[in-house]
Amino acid sequence: MRSFATVKKTRQLNHDTFLLCLKSEKIASCAEAGQFVNLKCCDGLDAYLRRPISIHSVNRECNTFDIVFQVRGKGTSLLSRIRPGDEIDVIGPLGRGFTLDHSHRHIVVAGGGIGIFPLFQLLKDHTAAKKTAVLGFRSKDFVVLEDEFKKHSTELLIATDDGSYGIKGFVTDVLEKIIQKEKPDMVYFCGPEVMMKTGVKLLQKYNIPCEVSLEQRMGCGIGACLVCVCKTRKDNDWDYSRICADGPVFKGEDIIFD
Amino acid sequence: MKKNINLEVNIAGLSLKNPVIAASGTFGFGREYSKFFDLNLLGGISVKGLTLKPRKGNPPPRIAETPGGILNSVGLQNPGVHAFIENEIPFLRQYNTAIIANASGNTVEEYVEMTEILSDADIDAIELNLSCPNVKEGCMTFGSSSRGVLEVVNKVKKVARKPLIVKLTPNVTDIVEIAKAAEDAGADAVSLINTLLGMAIDVKTRRPILANITGGLSGPCVKPIALRMVYQVSQSVKIPVIGMGGISNGIDAVEFFLAGASAVMVGTAGFVNPMAWVETVEGIKEYMTENGIEDVKELTGGLIAD
Amino acid sequence: MKKNINLEVNIAGLSLKNPVIAASGTFGFGREYSKFFDLNLLGGISVKGLTLKPRKGNPPPRIAETPGGILNSVGLQNPGVHAFIENEIPFLRQYNTAIIANASGNTVEEYVEMTEILSDADIDAIELNLSCPNVKEGCMTFGSSSRGVLEVVNKVKKVARKPLIVKLTPNVTDIVEIAKAAEDAGADAVSLINTLLGMAIDVKTRRPILANITGGLSGPCVKPIALRMVYQVSQSVKIPVIGMGGISNGIDAVEFFLAGASAVMVGTAGFVNPMAWVETVEGIKEYMTENGIEDVKELTGGLIAD
Amino acid sequence: MRSFATVKKTRQLNHDTFLLCLKSEKIASCAEAGQFVNLKCCDGLDAYLRRPISIHSVNRECNTFDIVFQVRGKGTSLLSRIRPGDEIDVIGPLGRGFTLDHSHRHIVVAGGGIGIFPLFQLLKDHTAAKKTAVLGFRSKDFVVLEDEFKKHSTELLIATDDGSYGIKGFVTDVLEKIIQKEKPDMVYFCGPEVMMKTGVKLLQKYNIPCEVSLEQRMGCGIGACLVCVCKTRKDNDWDYSRICADGPVFKGEDIIFD
């Protein structure tokens, strides 16, 4: 599960978002939508821990996969300086990805910020006739990968917080309008916690199943250290589940948002 | 020309095929890392810290990166000692590696009860955790005074029918005094160090990064402190010392042997390099080969300090 | 739009133009770094640890690099308090920056005598070093128990005619208890942390890297421990806390303010970046500007921990 | 005194020895033979401290200076990977260099291992009619910069511990033979402590003045932290002097070797 992936291509998508295309047969051959990799951003002690980044897209013919990330701190900043030909120490694919039910005819993916990236491979893999993508960004400057998402969805709606591009408002507002027009079979969420919390509540109102992809600071990334937990329902009680191993994708109804 | 290298060590009745043990709390119950390497390669596994009843642990975030290390505030999330015996021992027993049950209690009675239960279980040793900085009750309270250590270890020793390792906290003025108390109370070995109490702050949110505010520091950054404590303790007690704190490779491990450790545990380094445990075994072998040392026991306490 | 930023702080009668002080032992008596930047830019300078008589210190090597930090075992090499007064104060007084005399003694009497001498000298405050891990006598012995701290500080306070800062060692079980003892005995402020006792070993020679075997750990690696201690202490005492341990820039300093520090000291980071002291001042200003904070005092204790 | 020097050229001299030519007007314009620079081998926490490296050669016309170093550990290993065009964070020139008395007519420089490098600029700068260089190496494989030293000395003698190149034996043995033939005015030592200890004793026997360049692990490199000390004579007692600021070059008679 640990391998050294060669960087085939790097692409800067906007001021702080980068795409890396990595070659690794091990990972590309079995990665599923919604899974992630845990990678070293540099040798040595700076950015000591690995950083979890979702698998954005898989190219099984070329044995490559893409990751897309925003520069947040030390690790992602070092990662943004990596060049084609460099090698990255990667563990993956990790975690439980999205559940694809190919009997579904209409699915919606709803993503916000860095949450949109794992939804891409899901759109590529799903066979539903209708695939709606609702992507939320802070403002126009943050909109990325619009064409790519358009290509793999039947409908693409973009929302920005300030209305500087697409629809003004939240992803969940847009989602509710979609539902009111036509109830989808399934919704997939990935984004800020508040978006997913509102989203799950919304879907429960309409009785639509959904999955959410969660994030948490990680240690091992493989389920051994128990640092990356989220609250999940368990019988009449609750428990902490490991986002890295039991998730990152969970059924919406299983998560207890605080 | 190649000499035979003997990595076997025997620690207070616990015999290990090599002196590298996975540190408690960093290796779960072995299942996850068994996908990365053959657990048979390890001297032993100290399992995730157990309590009498299942424990949920602390709220997330539970980890923060710090310069050269990490803080964690897991707070002993575990399924309880009974679930461990039922669900985890059978898995671990498939492998030829020592099983060390790391046990924490809220009260002396709980420590005693757990020791009784674990003495009947199919494990190889008990590691009494008197040093978890992430739970409010018990544990650290007992571990930070020689009186507390004496009391718990004395009572536990009466019922223990497995080699008893006492794990010490570094958050004390005089670790030697604490180690001596453990020895006097009948500990078969001591292991050190557990994590150092620390804290990280996010200036953007002005909040602590850990939901629990404080957490335990581990990783390379603590190695100098751990080495010093292992050196001091091993000069002062007769029972074997198991050293840990920031070990990432064979050279680090050799430093601990020279300082006086009979075996080592590796934890945090495995998060970064999942092969750290086996590479530590390999690295020790390499050092021994290069330096013409046939038995790893020769390294223990081999520091030249004059 | 640019707001006025107030960096002035007043610590127990010691007024500083900004809250960044050079940490004792890392800045000599200011001469060397005065070639790199204008010492007027500093809030203050805590000079190399002084003793009553000149001290030669420990044999070399006195430094070892460790992951994210360093160990030192200088052992208070200094020309003695009289030579300091004669040769160094006139140099330092050329600058508009507070002079803090860091003082260590072998006995209570020596602490008292030095305080008397320094109270007559042209300095701004006395920092009582009860925490040097590198000398065998006095110092750490006093600093590691609340009884020891009470005794020394009580007696010193009686003769002190300058603001009295007590510098605490992190090598203790309960730093809060020690800080409270200092407060009870009349300390005007506490500064923490001094270095953590550690050790480094060279596996090639099988010897400790430091001739003194052990040394004091400082630098980025200790920051989480220092932050935690500053947080705990500032929650428990009413006197101001001066925070230090691994501060390399303005963001690090802000973390210490949020944790409860009224001022900070910067040491080891300056070896790597000789501009670290002034860049820390600049970085604090930047953070304040970006966050609309006008007075640095607003940051002190501003941690949101619920 | 702190500057960012640009790497103009790198040259690998043997399996573990590298030369870097660095451009810095500040340093090249005032560096003296025997001084050193204190440099960061990398950003961040790996090799956290600066590393002291002697100034090997100064080119005042080009505003460059050369350093030569052996890979010993983490820092020098990172340094060996630096490429032309990179920038290095350097503090220098630091310390007290060699004393050049141009009334001297015969000088000898005696160096061993990495100690030979600072002697090079001394040979270049000194105006003595006769300049003998005695350089010691472990074995043939370690011999470096022979031509360069030959160019700037009137006589070059190479000694190797195993006799695989030049004279078999120690630098000090060769030195004694030179002295027995003709007493030089001054000898400059730089190398392993044992060599310098023997050397200083030898010269005292023959009553020849000498200077030694010492090494010690350093912190600040500028005299503030007192970690880099050596024992020096002081009146009837001794004291610790700072190698970085009071040295690295001392009068042979001032040093107390243990």
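The letters A, B, C and D name the chains in turn, as written, and every chain counts its residues from 1.
We take it that contacts are C-beta pairs under 8 Å (C-beta built on N, C-alpha and C of every residue); 3 or more make two chains touch, one makes a residue touch a chain.
Every value quoted in this text rests on a predicted model; they were computed, and no experiment measured them.
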Item to check | Where chain A and chain B overlap in contact partners, by chain label | outcome: none
Item to check | Target chain D, source chain A, minimum contact steps | outcome: 1
Checklist entry - In angstrom, rounded to a whole number, how far apart do the mean CA points of chain B and chain D lie? => result 46
Next on the checklist: Nearest whole angstrom, what separates the Cα centre of chain B from the Cα centre of chain C?
Outcome noted: 34
Item to check | Intercentroid distance (Cα basis), chain D paired with chain C, Å | outcome: 36
Checklist outcome for this item: Residues of chain D that touch two or more other chains sit at 45
Item to check | Junction residues of chain C, two or more chains touched | outcome: 64, 67-69, 219-220
Checklist entry - Among line, ring, star, complete and other, which best matches the way these chains touch? => result ring
Checklist entry - Can you name every chain pair that touches? => result A-B, A-D, B-C, C-D
Next on the checklist: For a test of understanding, state which residues of chain D touch chain A in their complex under the given definition.
Outcome noted: 43-46
Checklist entry - Once bound in the complex, which stretches of chain B touch chain A? => result 25-28, 31-33, 35-36, 48, 56-57, 60-65, 67-70, 72, 74, 77, 209, 219-220, 270-272, 274-275
Item to check | Contact set on chain D toward chain C in their complex | outcome: 1-2, 40, 45, 47-50, 91, 216-230, 239-240, 245
Checklist entry - Can you list the residues on chain B that touch chain C in the complex? => result 64, 66-69, 71, 144-145, 171-174, 196-201, 203, 205-208, 213-214, 217, 219-225, 227-228, 231, 246, 251, 254-255, 258-259, 287, 302-305
